[in-house]
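Same chain, two partners: chain A is paired with chain B first, then with chain C.
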Partner chain A sequence: MKLAVDGTACLGSFGTGMEALLRGAPLPAVHADGRAVAADTSALKARLPARALRQIDHFSRMALLCALNALEDAGIPESPPRDTGIILVSGYGPATPTFEFQDSILAYGEILASPLAFSRSVQNIPAATLAVTLHLVGPCATVCRGDFPVADGLCIARQWLEEGRVERVLFGAVDEYSPLLARLTRLRVGMRASRAGREGLRAALPVSEGAVFFCLTADKDISAFAGKCRRGCIEDILFGRAGNIDPPDNTGVGTRGEVPVFLSGAVPRRLRALPGMRHVGHVYGNIPIAQAFDAISALSCGNGLPAGRALCLAHGTGGRTACLHVRQAENRGGAS
Partner chain B sequence: MDIRTALKQELIKELRLEDIGPEDIDNAAPLFGEGLGLDSLDAVELTVLVQRRFGVIIEDIDAAREAFASVDALAGYIETRKGELPCAGPGLSQ
Partner chain C sequence: MRRAGPVAISGMGLVTAAGSCLPDTLRTLEREREFQPTPPPFAVAFGFPVFRCAEAAFGLCPERPAGRSGERGFTGVFPDPAEAPLRLSRTTMLALCAALEAWRSAGFSETAEPPGLRLGIVVGTSVGASLDFFPLYAALKAGNNISELCPERADGAGGTNRGRGAGSASGANGAGGTNRGRGAGSTSGANGAGGEDGPAVEKQNLPLTEIEDYLTANPAQALGEIFRCSGPALSVADACSSGTDAVGIGAGWIRSGICDLVLAGGADALSYITYVGFAGLRLPSPTVCRPFDRRRDGLTLGEGAGFMLLETEASRRKRKVKAVAFAAGYGTAADAHHLTAPHPEGRGLASAVQQALAQAGLRMEDMAFINAHGTATAVNDAAEAAFFTTRCPGIPVIATKGATGHTLGAAGAIEAVLSAAHLADGSLPATPNFREPDPALGFSPVNAPLPVRGGAAVSLSLAFGGNNSALVLTGGEQ
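Let's turn to the complex of A and B:
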């Protein structure tokens, strides 16, 4: 079953919206520690009461603003139908509140640690915040892992839609900047790069933050695809161990220049030189949810895809890959 | 610094009361509901905050109801019980 993408939205260190992402300007590292600028969520203040926002941290604000923009893009009101599920994926989850809670324990001990910091550090809180704010009562899940959080989360979305548990999934990928995680990321990337000649594509990128949201529905009728989905569809989600060079060979769309391949993750340097390979990480930075940015770029890049199709290939640890087969809507336009 | 000003600064910082200053908080106004708009999660945080900053334990719901009525009430509650326990963090004297 394919996932129809009815609405999209993104924000990050590059700015807010597809126009900012597709502009393609390299993301500058504006801080001494190598990070890019923080994502701007100030637009939320015009859409929600200040009291509703007070206890919502930066990670959840990115998720909330991006979710609202995706619903708007899909033509769905801010209170979407109740049979909507939420899936939030992330490399690290709400890292800043987690470290704040740990600091609180170290400073004051277990008894006097901050209850508010604890509540913000609970992994599913950002997804629950979305559910409460948008009045959604469907299933609500968070997937948090270093390799392939986007592909794993989309598999769950596909399962929910296939089972008929929900009519729609609000799918979000979010990661926030944390100085500690950025330091560890740079250490890890440096170690891997020197060890195996990998990481060449993202090693020099500023550590960034951001969010991508999709409004997904089931697209069971292939023949009715044309014009049905506003943005396109995710035709398949494939996992493999592809010799670190090709996308999984069961995508059925060919490789090596026939279909553009958006690359992210621990990509071997030699992949960059192959025909059809694209890497737009310089726009969104070094971020665990890179594959979501690649997917939204592929869906929204107008006539930039020769056959309206692309593969978004993420390389994980141990040479494993996760590949999204993305197809633009036939009436595709440019950025929204 | 007097205890009311210190309390207001702690409330603003720890409970993330955005876009207001200590001067905007009425000493007699209710902290919860229509006043500052705090909620039950804030009450738990405030209980911990009072213990670690001022060394005063708010033992039960009745004590909390009395102490959390307003800044004035909380200041009074702390002043009459201050020193029961050592502060866990930087207190008024610092």
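Let's turn to the complex of A and C:
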């Protein structure tokens, strides 16, 4: 079954929306103290009461703003129908609340450590925050994995739609910048002796932040699909153990070179230079959810894709691969 | 929710404080009524006891050497030990123990995806997918060299305990300081932003292993490499319903043809951070977990893993193996009510059960028993009791956390495995640590061994964030 993408939204250190992403500017300069520029979520203040926002951390704010923008893009009101499921995927989940809790243990001791910080650090709280804020009582799942959690999470979305569990899925991918994780990653990369080893380890670098959301429905009528669907579709989700970048054989989209391939993850440098390869991590940063940024880029880059198709291929650190076969809507007009 | 065909469970595995494998745990549940937890395996100011898996649990499989956390171990599991890409956290070790038991009990001998069959892995976990590396964090915040904190790893050899000893915590306490902003931890040197070449390389004389441990600690990622699976391998992090969700998701992958085989389950090890967090919320019992008992005074944290091997009918027919049980239906629903408390009338729970029954094509009256979430906290047991008394009066209810402890992300999978095993055995054990009915709840769980009357059961999980999940299981082939 194909996943129809009815609405999209993204934000990150690069700004908010597809135009900012597709502008293709390199990541903005970091602050003087080395921190990455945080994604701007101030627009939430105009959409939600201050009281509702008070207890919501930055990770959940990114998720919430991006979710609302995706719903708006799909023409769905901010109180979406109840038969909507939520799937949130992330490399490491809400890092700041996790470290805040550990800070509170260090600062005040075990007995006085902040229970509120602990509650906020539980991985599924951001997804639950979406459910509570949007009044969604359908299924609500969180996936956390350093290697391509996006393809894994999309498998759940497809399953829920196939089973008739929900009519639509609000699918989000969120990663939060953490200076500590960035530093640990640098240490790890620095300690790898070989160049190949270092390149492999750059895969899951949590060195930026952002969110991508898709409003997904089942593509039940393939013949009418292209005209009905606003943004395009995810035709297939494929997994493999490739030692190279060839798309899986069963994508049905032709051989390498005919279809652009967006690369993310532990891709060896030599492979990036091959024809048809696109690596746009410099815009959004090499983060575990990079594949979602690749997919939204492919769906939204207007006439930039021959035949309106692309593969988004993520390489895991252990040699596993996940590939999204993405097709733009026929009336693709680029970023909106 | 559409009705769907049942998915065969062709193997199961379990590691809990009550037993080192599934048969061992079942024997213990049959034999014992009262279970006593032990002090936590780390120095901590709170005195709440825990249920910990015996170290011997790691030695049951011949492939497993001593099996302490952080050791590479499991020689023989990898096709070539030299290729073993990962150091295994305790959570992953637990997952691997249970997954191997499920794999082998289903009739597979090699530990790799069989040719021609596509294997998927789905692991429910909480600790296993969290940023849980407190000694390292404390050391970096204090500006210490990590090797001072973990001297046994100074040479890069396998370390010992990922748990948090008193020395670890105290080593950082004096210099801790708090930083509630987004700048926690220093960012010495390079900017941290990406780019074609990634971030700048920082070099420091630190043992690589401590950093590698947490960046590769994700159990699904590790099992995916160990079993060399070519299908999806994901970690579900839905807090305490993760294990149930993992099995439900895995069954869906079989139905939709994404995979021929799925190792689905849950795993979580005891964690200092989680322990302190739960203690701060005043959820643990100072004595022991007594689900639905009048004297209950909180949960007891535990650790463990439970796994099922789910398989397509085509594969099972080809291999000529019988189903132990069937995953017949799965439901999951959010309360959308409160981030840390269940809906008082079990709204989401009712919806999850309704979905699971609809997918299985069964009614509540068809259930021979209910395996409750049963944490023994006041709020959880009251919400579940409200559901049992109003929606399914008279159906026997069991709760097993009195023997296993609350194993968080593993709990749902452990309880699903036990439910399937009870269906296969045809008998229910008494609810561990239950003695005195609570008149306020209006029902009592099974308090003496009971024959199973019927061929289906439902296992329930409630979670932080208001998640509710239910699995309907049906009996296997004799």
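In this text, the second predicted complex is superposed on the first by the 310 of 336 C-alpha atoms of A that agree within 3 Å, B and C clash if a C-alpha of one lies under 4 Å from a C-alpha of the other, contacts with A are read in each partner's own complex, and residues count from 1 in each chain.
Everything below uses one rule, namely that a contact is a pair of C-beta atoms (placed from the backbone, for glycine too) under 8 Å apart; a residue touches a chain by one contact, two chains touch by 3 or more.
Since we're looking at a predicted model, the values are computed, not measured.
Peer 1: With chain A superposed, do chain B and chain C clash or fit?
Peer 2: In the arrangement built by aligning on chain A, the partners chain C and chain B fit side by side.
Peer 1: Of the partners chain B and chain C, which touch A:38 in the superposed model: first, second, both, neither?
Peer 2: Second partner only, chain C.
Peer 1: For A:46, decide between first (touching chain B), second (touching chain C), both and neither.
Peer 2: Neither: A:46 stays clear of chain B and chain C.
Peer 1: Just to be sure I read the superposition right, which of the two partners does A:54 touch: chain B = first, chain C = second, or both, or neither?
Peer 2: A:54: touches chain B, not chain C.
Peer 1: Determine, for the superposed model, which of the two partners chain B and chain C contacts more residues of chain A.
Peer 2: In the superposed model, C touches more residues of chain A.
Peer 1: A:109 contacts which: chain B (first), chain C (second), both, neither?
Peer 2: both
Peer 1: Which partner does A:180 reach: the first (chain B), the second (chain C), both, or neither?
Peer 2: second
Peer 1: Could you grab the smallest C-alpha gap between chain B and chain C in the overlay, to the nearest Å?
Peer 2: 8
Peer 1: Which parts of chain A are in contact with chain B and also with chain C?
Peer 2: Residues 107-109, 113-115, 119, which sit in both footprints.
Peer 1: Where on chain C does chain A make contact in their complex?
Peer 2: Against chain A, the touching part of chain C is residues 1-2, 4, 44-46, 85-86, 126, 129-131, 134, 136-138, 140-141, 169, 172-173, 176-180, 182-196, 198-204, 206, 208, 211-212, 214-216, 218, 220-221, 224-225, 228-239, 245, 249, 252-253, 255-256, 258, 273, 276-282, 332-340, 347-348, 351, 355, 359, 463-467.
Peer 1: Taking the touch rule as given, give the residues of chain A at its contact with chain C in the complex, in rising order.
Peer 2: Within the complex, chain A touches chain C at residues 1, 13, 26-30, 33-36, 38, 58, 86, 92-93, 95-96, 98-111, 113-115, 118-119, 121-125, 127-129, 131-132, 134-147, 149, 151-153, 155-156, 158-160, 162-165, 177-192, 198, 202, 204-205, 207-208, 239-241, 279, 281-282, 284-287, 316-318, 320, 322.
Peer 1: Contact residues on chain B for chain A in the complex?
Peer 2: Interface residues on chain B, with respect to chain A: 14-19, 37, 41-42, 44-45, 48, 51-52, 88-89.
Peer 1: How about chain A: which of its residues touch chain B in the complex?
Peer 2: Against chain B, the touching part of chain A is residues 50-51, 53-55, 107-109, 112-116, 119.
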